[in-house]
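A short worksheet on the structure shown next.
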Amino acid sequence: MFVVFSLIAILFFAFAQYWALAIAPPEKWMGDVYRILFVHVPAAWNALLMLSVSFVASILYLIKRKPFYDRLAASSSEVGVVLTGLTLMLGSIWGKPTWGVWWTWDPRLTTTAILFLLYMGYQILRRLIDDAEQRAKISAALGTMIFLNVPIVYFSVKWWRTLHQLQSSPQTVAPEMVLPLRLNAFAILGLALIFLWMRMRIARLESQKEEQ
Amino acid sequence: MLSDLITLIQKDFRLIIRSSVHLFSVVLFGVLLLLLFSFSMGGDIDLLRKSAAGLFWITVFFSSTFFLDQSLQYEQKDGRIEGLLLLGVDPKIYYVSKTFSNFLLLILVEFFLLFPLIVLFDVPFSWSMLTVLIMGSFGISALGTAYAGVTTSLVSGNVLLPLLLYPMLIPLLLAGVQATQLCITGDLFNERFMWYSLLAIFDVVFFVAAFLCAPFLFDKSS
Amino acid sequence: MSASAAVHLQGVGRRFGRRWILSSLDLTVQPGETLAIFGNNGTGKTTLLQILATLLSPTRGDITIFGHSLAREKNSIRRLTGYIGHAKQLYNHFTVDEYLELVFRLRHKTTEKMRTRVDQSLDTMGLTAHRQAIIETLSEGMKKRLTFCRLLLCDPRLILLDEPHPTLDAQGKMIFDRLMREWKQNGKTIFIASHEHDQTLAHADRVVIINEGKFTHEVRDRNKYVE
Amino acid sequence: MKKIVLIAIVTIAILFPIGYLIFGGLEKNMVYFVTPTELLAKGKSAIDVPVRLGGAVAEGSIAFKEGVITFKVTDNTNSMSVVTTRTPPEMFREGIGVVLEGRLKADGVFNAERLLVKHSNEYHPPKEGEMPHEVYKSLQKQK
């Protein structure tokens, strides 16, 4: 099951990337540089998706106290952190030729960077608490608070300084670019799900080992 | 509930008065930091005034971490928190009491830090600055108390506290610095209201969230 | 049967990291019984008492204390139990009086009879002369006696004592023996975990021996244990 | 039951402020940047106060001279002269939106300490006959 799904997801990813790199037309002002968009934006979407999953799982753990939710929160936040890191790196690479700087204190960039730091802290915390139950409880509480902070961080940084272009909606992006963008969004979602699945299995095996 | 809250806050204040050396050292640390900042920036008074708000809030952050760490470390030692819980104190009430007393003491510390700020950075004093400070300190102690409650029970927790707390406090830092800056340079386009409301939202959200989470953070058996 | 029991444990286990400190404990203790728990260090005596005192939650199993479920009615149980562990839980910048007043207020939510109760407990533990002293300046033995003052103020039905002997001074031990007799007369249920077998056996109705997280022996008649 | 009520009240206390932050229209009071008209309207009180000035680069106003760039920023009503020693990003050209951080000096010239290009949120393939590589290179040459 898992192997079949992984194969399909990887093949689909290759297909979507091919479309993005070879079939989609270059952009008017940014030329080929803009193609980084096809990884950057889907990675950002999926990172946020994974972190939301982690948030919901944290709350469910606090209510239901099922170890499953703790494992889900841990796994999805890890995948989310990796994707967030990817988004940051690609965004920075894209920023240099288009904005002229590697980094700018733009709200979405800054929010993403802070999010990365927050969830790195969360990962460190998880590894410092030995007792499984304590760890689950405390990290669920902090995980909830971290996610609540996301909109507040976003608005604070946005008011502080703004430069990033407005949210691109399909209306402002040409249709021949929207399609590969969507394809890639699903392709990266597929990859994220593979990671999540594997990470969940590791977490389950770990807790089984702990119980022995 | 309320009587417990009052008793606990009284307890905190008695502790602080008995061991006021700690509070004094925190104030001294903050003054020292401000002095070092103003040294390292050189004699350019314009530059100093421009960066006063940012440096001041950084100083507040540093001193408050020390202070929160100390305050909760003491409670963690020798099972003191557990002792209170076994007497029937609700962890939520405990959290509120600790946040409140940390908040009041933080205000006190900041009050002493305002003098070197005004003297060293040539910044005019204004009452609105005090409002910003009060709102900011409440946010710091609301989140800081919750986080310190977790980190002080861990090995190497005193490094972990700023690592976890500072990123969470970024909205507060931005709002605090901007609002203070506007108090110093003048509020040409009346932007201050926004930063006030951001501070208020931050304070309410995290006080309430940490209040709800308090049993998980302070009571090992819940 | 378990409804009338003071403490009832069923399949209680507790894990720390990868180690099961307690694996599976079943136990029923009747009101008024004094139970001595013996066992080497690290066998789970302290963990068991901390679980009963609601300081730790068990990883598995059910516990009822005076008919209250530990999982659901923690607050009611806290009102019925008193615990003295290794940590003294004292505020050492306070004076003895101030500390006991704090305890009384938090426990009973009132100041009624506070003075007389505090005076009584100080008198019982022989600390009246030190009531104005800062706790930090007291000797270890006196601090231990102060924790017994706290227990007296709480007036619990279930008393959990984790190795009370080692830090008690000679006077403290004498008072302790007297207290134990008084408590038994008043029908308190008592758990003592200890290494000082002789001093504990004098009071115990029942002895359980814990090893590797399990009860290995149970002795009802204390003379048999001596053999 | 009491617990549910408590959680409900408290959740509202969290959701309401965040909702207000997101949908409350607080940003109406927000000044990302001021236009030349707004800045000029403040008169003398605006002089030497750090502000962000935004607008379009006026056609034909860019002049390079010994590492100093001067140009005019316009909001179609008023325009303001700008001086900066900063290197502009590659997308900097006439007609593009810019945000400048700096202070208005007493002589009416805006001294920019930072120059940012606000690029549009539209992504389009080049029109027929336009070569993206050429456009990009021509941008680089301008510098």
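When the chains are written out, they are named A, B, C and D in that same order, and each has its own residue count from 1.
Here, contacts are C-beta pairs under 8 Å (C-beta built on N, C-alpha and C of every residue); 3 or more make two chains touch, one makes a residue touch a chain.
Owing to the predicted nature of the structure, the values given are computational and were not obtained by experimental measurement.
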Quick note, more Cb pairs in contact for A-D or B-D? It is A-D
Just give me the whole-number Å value for how far the CA centre of subunit C lies from that of subunit D.
68
Quick one: subunit A and subunit D, Cα centre-to-centre, how many Å?
29
On a C-alpha centroid basis, what's the spacing between subunit B and subunit D, in Å?
34
Distance-wise, how many Å sit between the C-alpha centres of subunit B and subunit C, to the nearest whole number?
38
Touching two or more other chains - residue numbers and ranges from subunit B:
194, 198, 201, 205, 209, 220, 222
Return the residues of subunit A touching two or more other chains; collapse runs of consecutive numbers into ranges.
148, 152, 155, 159
By the touch definition above, subunit C meets two or more other chains at residues 57
Select the category (line, ring, star, complete, other) that matches the graph of chains linked by touching.
other
Of all possible chain pairs, which ones touch?
A-B, A-C, A-D, B-C, B-D
Note: in the complex, subunit C contacts subunit B through residues 51, 53-57, 74-75, 78-79, 81, 83, 85, 87-94, 98, 102-103, 105-107, 109, 134, 150, 154
Complex interface listing, subunit D residues touching subunit A:
14, 18, 21-22, 26-27, 30, 32, 87-92, 99, 116-127, 130, 132-133, 135-136
Residue numbers on subunit B that touch subunit A, as the complex places them
143, 146-147, 150, 154-156, 160, 163-164, 167-168, 170-171, 174-175, 178, 194-195, 198, 201-202, 205-206, 209-210, 213, 216-217, 220, 222
What part of subunit A is in contact with subunit D in the complex they form?
25-34, 37, 97-101, 104, 148, 151-152, 155, 159, 162-163, 165-168, 172-174, 176-177
Enumerate the contact residues on subunit B facing subunit D in the complex.
50, 185-186, 188-191, 193-194, 197-198, 200-201, 204-205, 208-209, 211-212
